[in-house]
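Before I ask anything, let me first share the structure, which is written out below as structure tokens.
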Amino acid sequence: MKDLKKLRIKNISLTMTVLLFLIMFIFGSVRYDHFLSLSTFLNLFNDNAYLMIAGIGITFVLITGGIDISISSTIAFTGVFMAYCLQHGMPSFVVIPLALIIGIIVGAVQGSLIHYFKLQPFIVTLAGQFLMRGLCVVISEASIPITDPFFKFMALGRIQIRLGDSKAFNGKIYYYVLIFIAVLCTALYVLKKTPFGRAVYAVGGSEQSAELMGLNVARTKIGAYIISSFCAALAGVVFSFYTLAGYGLQNMGMELDAISSAVIGGTLLTGGVGSVFGTAVGAMIQGIIQTIVTYENLNTWWTKVTIAGLLCFFIVVQRIIAVRAEAMKGKAVAAA
Amino acid sequence: MKTKLAKLSGYQAFWPVVIFLTIILFNTIMTGGEFLSITIVDGHFYGRIIDIFRNGGKLMILAAGMTMVLATGGTDISVGSVMAISGAIACSIIKGVLLPGLNGNVAAAIILAIIAGIICGLWNGLLVSQIKIQPIVATMILLVAGRGIAQLITNGKIVTINSDAYYFINGGYILGLPFPLYIVLFLVGMLLIFVNRTAFGLFLESIGCNPLASKFAGIKVNLYLLAIYTISGAFAAVAGLIESAGIKGADCNNAGLNIELDAILAVAIGGTNLMGGRFSIFASVIGALIVQSITTTVLALGVPAAYIRVLKALLIIIICLAQSNRFKLSFKKAKVAEKKEAVVL
Amino acid sequence: MSTQTKLLTMKGISKSFGKAVIALDDVQFELESGEIHALLGENGAGKSTLIKVLTGVEERDKGEVELDGKKIHPKSTNEAQQVGISTVYQEVNLCPNLSVAENIYIGRAPKTKMGGIDWKTMTEDAAKLLEKFDLKLDVSKSLDNYSVAVQQMVAIARASDIKAKVLILDEPTSSLSKVEVEKLFTIMKRLRSEGMGIIFVTHFLDQVYEVTDRITVLRNGRYVGTYKTCDLPRVELVSKMIGKDYAVLNQSLKEGQAEKEGTRTGDELISMKNVSHQGSISQMDLSISKGEVLGLSGLLGSGRSETARVLFGIDQVNEGEIYINGESVNLKHPIDAIRKDLAFCPENRKTEGIIGDLSIRDNMVLALQAKKGLFKKISKKEAQAIADEYIEKLEIKTPNADQLIKNLSGGNQQKVILARWLATNPELLMLDEPTRGIDIGTKAEIQKIVIDLAAQGMAVLFISSELDEELRCCRRIVVLKDMERVGEVSGDNISEGAVMQIMAGGETK
């Protein structure tokens, strides 16, 4: 009974998300031939690994109660930057760490502006978004192809998975999906098991309390923005593996996808509540919408519109749950 | 004299006007006076200054709407997409692809496009005021989905139209002055009269400072939030009409792209605190002119367009920092303040 | 008591904010181990600043702090905690979204051998710790599942469990019931016997005499003195706190009251019949007459503020009816209530009352403007006239009406909010804790204003957690408990004892 209650209040969003994913998968399987297969499932990872990574990063910021709308630009910028550097003969083992360091710097600057000068997160990250998009075009207006052997290796290298003889039981995952899995596991560990991770939740619950309880709020908040930008840079690297090019106009508006992933996965935009596992499932739901839109042969813009609709729906559901919980709390106080 | 100057500089629009005049002066000197020259062809005025006013029209309208949104502590980054939607609807109707029964009636197209803008604004307002979604997220939904909707209206194509009546919105002249200027005068004028003659300004400032206390003082906060997002949406639709009339068609990918930053920048330059509270629509309109003239100037100096965006982004941060009390504090006594930042809540 | 040693010494502490505001001026304070030491003073006396300096929230300008003979200079609450000073604040400063266990241990959670947080040990420890406080909770549930009182106890548990030498309790009892306060005192006494030094900040003098060993009084940022609690009579304590003769102060109020006694209360203005709002009040009956000051008494959460919220249209009526002048009304928003000539000064001045970045003038005309509607703008001239009138009438201390309200002191802010409502010329004025956080002088002024207003025929609903204040202002007090009306005292029966008895015993209506 106790567990049931816990499930109801805390994990209702996540349960809904997983159910939604299953329903959509079943819907696709019934409606289209060849949909029901291991490769459809694995392709969700192959095609959305970068979104999942970026989504996990932004989840940290959302849990602290902030927002980061600069991530799509960070992804595009790291992509263009790496492509440009590789084009000019720099080796990949220098370029990739450099891109990740840029991510860390971007996050540190944004986080510091937000924390130390009490600027609104949306203004700072909006400016960051435009700044980096602008810098993309400053580096190159055209798409730069990547021909580096390591990138090619990561782009094409994959693990075949055979669970049976039938074609439906065959699939493959690319190596870069392993990066996503590593990020997910690290994030899960950090949020659940480290003082920093718990401080992220505490700051989201009440920044003032966190401060008075002796937690280092500055480090926590800036850390969250660094993680967000770092993950975005990493997503940029993965995205370059995926596309083998750097293009400044890539991924416009992807921050909404990342935020949607988090919200669909149960993260509250008001802060304090969220899980990176949920975010990953949220991203997969978006992947499945994309797949269905492709199967239906619809205009790809339907994906965006559907995801936005889904985001609205989940936010409304969250509001209803919050209002209900408030009412229930009122009753509990009355009963006490 | 001195006191007069002091009084003048007390107005929020004082510094924006000074900056604008400085930019014009700078340009005039750089171009050896050519900048100020206005020629008359066919009874129409032409010149760089006129261009700034004409091309800045969209931005002035958006900035006026955005000022009120920012004054309540919110934001509306969907304006660019609403412009795309309004352009798409107007052009599709005029071309006869959408609602062919209207026979491409220009007036009907304009009205329906503006109604679409109002609906977009209402939608934003509902999400913000009723469902209490953070404004940035609420309007981001429309930012992304809106462009998708515009694409779906035009079926993903660029709609080109052939209608002199519609072209007039951007290219027309009345008494020698470009028509967009009259639209700005009308819309901003109406808004200014409304804000100044009613208690609207006081209520918005109050809501921006403390929405809860405002509600307790009897202000219908949600209603006003709904109203300002709606106005912002309607204004964006008008700006979308001007833009699409300018390119003689609807380009859903590029219409109003990134213009939200310009609008926010214009408001910031106008001196309105982006955290909410005190605001001045007039100052924002001047701010829009500044943004437009900077763009013109920088382009004239031969700087690639890409740098302008970088510059604007930096400018926003600098203005925000200048408005931030904490920044002023740390500027004054850097060391003491630094310690405080870490502890003061 | 024989083993007492000097634990904490603060000497020559000064702190100013800007040039104008001197919060602390050469203040000293001394705490021995194994004592409960009350830190008293009116608001603005410097209590909170002194505590902020001690806990590293504020940087001191001058002075020395020694703990156990070692000079300390904490720069943050975290550093203060590490040297052994921990604090419990008036408002619960925990994270509602985290579990109870985590709220106790966050920042110092037990680790597993792998280096991660050991949730199992943490949960067990938390349960054990809370048992000492007679609290049996599911510590893995998030904190927001529990009442404010429980949350406060958790905060105290957290603070006492940190290896603290000095425990600061900053008005921890304002949200606790009598039973809970007793429980808290038991714990405090136990901690004292374990050798901890406790600094206890409160405005309940009863509690000071019940539990403390010594008292230090501050006034206007200056040190007044330190006294043994048992040697200092209550009246003397109060006069030390306010710096004037209490008897005189009381006398002027009594006169005001006598005046009020003379006026007869008029017709019924407003009544609630069987009104319920889910989770806040249940089957409330209440009636207020013109020219009457009705007191609403009860503990936090008893429904006293909630009643006013319902009457003012902030919370909606789920059941029952509200009548104004005999007419049934439906109040959906504060503006509906304002249009019916109701007014409400809310409890949380900062979040629900003032519009910080607006001027005094704008703050004053706001409700009147809302009442008149959007289109009938009050001109600047009219607004200035209103502002000037009330600045004079209510003796608001400000150079002019252009000052931002956030720059005023608490008492003057409260007067501005009062002016905001008086400007609307209300028939019923509801005051929720109108004197909280205000110095005694202004407090008396506001009480006098209330009595005068009633004498002019206005109905007043007066809500206060300070009983003596209610007794002073009201001739009739309705007592609430657990969201319901449990009794009423009026006329000659009015006394602190009578009210308390109903509050505690729950005499049925």
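By written order: A, B and C. Residues from 1 in each chain.
Going forward, a contact is a pair of C-beta atoms (placed from the backbone, for glycine too) under 8 Å apart; a residue touches a chain by one contact, two chains touch by 3 or more.
It should be emphasised that the depicted structure is a prediction, and the values quoted were computed from it without experimental measurement.
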Problem - Farthest chain (mean CA position) relative to chain A - result: C
Practice task
Out of every possible chain pairing, name the one holding the most C-beta contact pairs.
Solution key: A-B
Exercise for the section: Take the average of all CA coordinates in chain A, do the same for chain B, and state the distance between these two points in whole angstrom. Expected result: 31
Completion exercise
Separation of the C-alpha centres, chain B versus chain C, in whole Å, is 45
Problem - chain C, residues touching no fewer than two other chains - result: 76-77
Practice task
Note the residues in chain A that touch 2 or more other chains, in rising order.
Solution key: 208, 211
Practice task
Name the residues of chain B that each touch 2 or more other chains.
Solution key: 342-343, 345
Handout entry: chain A to chain B touching residues, read off their complex
Key = 67, 69, 113, 116-120, 122-124, 126-131, 133-135, 137-138, 141, 207-208, 211, 218, 253, 255-256, 259, 269, 299, 301-302, 304-305, 307-309, 311-312, 315-316, 319
Exercise for the section: Provide the residue numbers of chain A that touch chain C in the complex, in ascending order. Expected result: 2, 6, 10, 189, 192-195, 198-199, 201-202, 204-206, 208-216, 272-273, 327, 329-334, 336
Practice task
Note which residues of chain B are touching chain A in the complex, please.
Solution key: 75, 77, 127, 131-134, 136-137, 140-145, 147-149, 151-152, 155-156, 258, 260-261, 264, 274-275, 304, 306-314, 316-317, 320-321, 324, 326-327, 330, 341-343, 345
Completion exercise
Note: in the complex, chain C contacts chain B through residues 56-59, 75-77, 312, 314, 333-335, 337-338, 344, 346, 351-358, 362, 365-367, 369-378, 420
Problem - chain B to chain C touching residues, read off their complex - result: 197-200, 202-203, 205-206, 209-210, 212-220, 277-278, 336, 339-340, 342-345
